[in-house]
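First up is the structure itself, then whatever we jot down about it.
Lettered A, B, C and D in written order, each chain numbered from 1.
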């Protein structure tokens, strides 16, 4: 039960914060709300017994990506403070699309998974849990089963790095 | 815990992200909305993974990591593009970016 | 030669390509290739005729026997034995023959020459082998000879007539191709292959009639010719399709004839198929009511007209009927007498065309209408069961009509015009050779003894009378009268009276006169091929279908011949009265043979003058002919044009209102609501990524929903 | 050689993509380099086609040859199955052949905004899609290739097109996409109801037994929509004139020569063999729409004032003959249809080529402003005349063999179809040949005959360029050769069609 309560709080916070991200009129606030969303999502990972992902979420998202965003915001010099022109004129279309999509997705999910329970991990010993799905297991998997994708991702990162430099360079 | 708790939360975040992508005018904010979408996907990956047992759980986590990595790359390139647009047009307003209108 | 008859069209076809590719670089700009090729073709055709003539009768066919013939060996002796045994079978056709001929109704099994066939598999599809090949019989060799000769002469004629033309080389190439089309049609053993020749001619007539396409009327005429014949081709296509299935999935002409005659075809299919094929014939052979293209086709150079009218194109229709006679014979019950569509169409055509020929002032149009009228004779002859007569008329007509057209070309070469009333007259003195040959041609066309036209026309009339088609005999006689009269008018306006044109006309060079003389010789002599008691022509063309169907051949008889001669003379006299007597002093009339003959026949001059000028001409010239011409131009042409305009209007209307608004509108409306598609699209097509995104997400959501609901 | 045989089809499909990748790596400035790469790629692809042609076992034209069958997407049991038989081979070759010629023609005919690199890459991607569609033997694979075609064409019209290109491009895209959506639904329904497989051969064997008749009818309806829009058949044709008119010459040629064939090919390859009973039920309607299309397209042509639009409408009429042939469900008819596809591809492709070159010279295709082409550019004028004649079905040229056998087949449709109805169709179709002659000659008269209008009387109109000669000569030759020796094509198709028709329970 406690995890359900935790989930409820986290989900509520995440939803509200996410809503603010897409509705706030202040760009800097949006970035800060995003921090909240990302953090709660990280917490949700913990709930799902995925600590390593949670850590990565905090480190990379909040530590790196968000800083990038803030840089971006600063560099493009938007009005710090409220700005009425952040939304375009198709908000209604967007809203309807989003809600429609949500409806369809929820229907499908409820239809497909119904009230299927996640396996209760309470009974599993801490050691077993770590061995099965802990950081070590994840590391093993990355460097054995998923080695090729991992390398591909690294190349991708490199390409993105080069690309970003090429794009942003003043010449 | 119901698996649907996570999945539906993912769906909600996803749809909020979609809304943001469609409704926001500021390039940076659109990128943020995309992050929301990616996070929604990540939640799904982890939740479905842990539903299927230990092996799948690991797979889900690994893929989540990949997504995070790719998200980082995407934000990097995306922001570079936004910067470039800003430099050329002195604005990050996507309504003005209609180069695809041939 | 008979086995490898394909060489003949192949030669002219090769000539077409050679002229096209090398013609311009040669000293005579390609004319020499064409003439050489046609020369070869002509010689080969002569060889074919001789070989066919020398071929022994190797097959016995019992006249009117419905179950088909026995394939016999190659000797005459067996033929006699078998023939006797089979001769006693009584048939329907035999009965009608008994009625018609009185005593001599016994049908003997006759030995004939079997057709020389050679077939290759062309391709096979849907389990049917389609063959390509040649079938040679008497009809084929006669036509080969005619076509090759006329075409050769036209080629020679053109070297001078077309000299200096902008597209001289191209003209010769097209002539060669045109000839190829006709030759191909003539030697074909299958309907499908015949269709190739048929349409090849349509193409060439388009190219040649529109030869001077810089002027719109010329290209209009070319289009009219192509489209009118093509309209007929609807029938031809449908007919071929029906025949294909009715005869058991084959295009083979012999097999189709056999199937039709043996009763293997279903009655409805047979009649429908024959009717459809006949529509094709009407279009191609310029029969009423699709004859209007032929006079317009005069827009082309004169040698082309000669070729079209004499030997190719228009006789293709007649040839087709003759070739598929078994089908038409059975379908329209030709042996029974009375009235049938073929004879009826032919008869109507004879009369209306002849009437029209009266009011023309353009010499080529007179000749054009006369061609229509003469084609009517051929078709009518086929319709009344006078098969040999039809072919014979086709044969003789080719010479004198070719002669007349080339003669008209020679005249126009001198006076640079085709208008008889304004630019001609009195040319007799300037152009003696042209005059003489033209006279011969006219008399042959009129059907005066002993010219070629007399013999063939007479056979047609006789056939009509003997086969129980009295009505059409009368039509034929009236037609003969009219023909004689209008040709008199034409000759008078061109060669007699005072010269009304400009400059000094002179006789044409040998390249023009030599073909005229050759044709004149044939126009006089060709008729004797079927001289009573001699009848080489009949023997030459007699074929299997002809006998199987039980078609009657009637030999010359004196009484009808005298009647028709009298009518022709009356016609000549009538024409002479009208034109010679009215416009010229008596003395000139007295010097003209034709006019004098007409004169002496008409004893009571005043009374006949009154009758003809007041009543007949008044009504014919003032009324019937003009009415017919009016109907021709306004109603029939009007319908043709009207259909054209109407389809165009319908097209625009449909396009504007239905296509652009309703159909499109429905589609657009269904998708995007009340506003026009264009407007909405313009809003959608903003180039803004986010709107595309909205569409993308929306659409995928809809698709997902559909999937969720339906699957 | 076995190894080569195994990869031959894969190569035929993906070589153009390799070429496209090579072009992407080449800097944009090297125009000639791009052209050479594109030409080489298409030529090599064509060489693969020739290899297929040579290695093809003509005795077994009804069996799939050079087949490849490996796993692809196991989750949905969709496999990577390629293969050619007598029906696909001619179309595959046509596609390769036309692509080569289009690239050659492009040598000096780049429409605005130029950019040879992108343009040629699009052509190569198109080729992959088209080739793939003709050899794919798995529904999902087919669908993927079918859709791959869409995007390059969209860009080709939308970027290099005429003044209304936006509208035309989006119209083309939406129409076809709409059809595709219904088509994929039908594919899925086939999958779920027909034994959980996407392999066409398996579906042919089991689908008609497993699926109840009512669903068959519905599924066929979905397939019909998908293919009929692509063909396009009568009420769904309105995208075609716009797309053709606005597309650049090369786009029009590919569109007319190959893209339209994807629809008819779909009928022959997928819809009819898999669902013969439904085909029977739908055939009268298809035939009806086909003949309406014949007459309607002709009327549309008569109302046009723009040459390219006229040719586009004539496609509606000609594809009507193809569909009529298919609707008869007989061997004759389907053979005629396949022949008609190839013939129409060559002839209408040629007509579009000529129209494009005319536009290059006069900068207009308004019939009222043209005239006297034969005086100013005689060869082009005669080629136009030749194509008009071929298009109106003159015997001896390829067009005839698409038209006449279709009419022939309509006289005697498959058992179970109404003879009276189809014979009526036959007569209407035969009447359509006169209309065809009418509008084509009218067009020819307007453009080629007469004398040039005042505005162009003094203009110096260049004669034909060498790319035009090189690109057109093979097509012209093929039109004549196929017209004189239809056996070349019928020999290929007839066995294969026999196999397909056998599914209908014997056919006629």
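The rule we apply is simple: contacts are C-beta pairs under 8 Å (C-beta built on N, C-alpha and C of every residue); 3 or more make two chains touch, one makes a residue touch a chain.
Because the structure is predicted, anything quoted here is derived from the model rather than measured.
Colleague: Can you name the chains that touch chain B as well as chain D?
Modeller: Both chain B and chain D are touched by C, going by the contact rule given at the top.
Colleague: Return the chain label for which the distance between chain Cα mean and whole-protein Cα mean is smallest.
Modeller: Closest to the centre of all protein C-alpha atoms: chain D.
Colleague: Roughly how far is chain A from chain C, centre to centre by C-alpha average, rounded to an integer in Å?
Modeller: So the centre of chain A lies 87 Å away from the centre of chain C.
Colleague: Counting in whole Å, what is the centre-to-centre distance of chain B and chain C, each centre being its mean C-alpha position?
Modeller: Distance between chain centres: 80 Å.
Colleague: Cα centroid separation between chain A and chain D, in whole Å?
Modeller: Chain centroid spacing, chain A to chain D, equals 48 Å.
Colleague: As a quick test, compute the distance in whole Å between the mean CA positions of chain C and chain D.
Modeller: For chain C versus chain D, the centre distance works out to 40 Å.
Colleague: Residues of chain B that contact two or more other chains, please.
Modeller: 18, 21-23, 94-95, 102 - these are the residues of chain B that touch more than one other chain.
Colleague: Return the residues of chain A touching two or more other chains; collapse runs of consecutive numbers into ranges.
Modeller: Residues 88, 90, 93-94, 97, 101.
Colleague: Would you mind listing the residues of chain C that make contact with two or more other chains?
Modeller: Expected reply: 685, 690, 694, 697.
Colleague: Mind listing the chain C positions that touch chain A in their complex?
Modeller: Per the touch definition, chain C meets chain A at residues 690-691, 694, 697-698, 701, 704-705, 708.
Colleague: What residues on chain D touch chain C, complex-wise?
Modeller: Its residues touching chain C are 166-167, 170-171, 174-175, 178, 181, 185, 188-189, 192, 235-236, 238, 296, 298-304, 330-332, 335, 372, 374-375, 389, 394-396, 404-405, 407-409, 411-412, 426-427, 430-431, 433-435, 437-438, 441-442, 445, 448-451, 485-488, 490-491, 493-494, 497-498.
Colleague: What part of chain C is in contact with chain D in the complex they form?
Modeller: 122-128, 195-196, 198-200, 202-203, 206, 210, 213-216, 219-220, 223, 226-227, 230-231, 233-234, 237-238, 241-242, 244-245, 644, 647-648, 650-652, 654-656, 659, 663-664, 667, 671, 677-678, 681-682, 684-685, 703, 706-707, 710-711
Colleague: Along chain A, where are the residues that touch chain C in the complex?
Modeller: 88, 90, 93-94, 97, 100-101, 104, 107-108, 111
Colleague: If you look only at chain B, which of its residues touch chain C in the complex?
Modeller: 18, 21-23, 30, 94-95, 97-102
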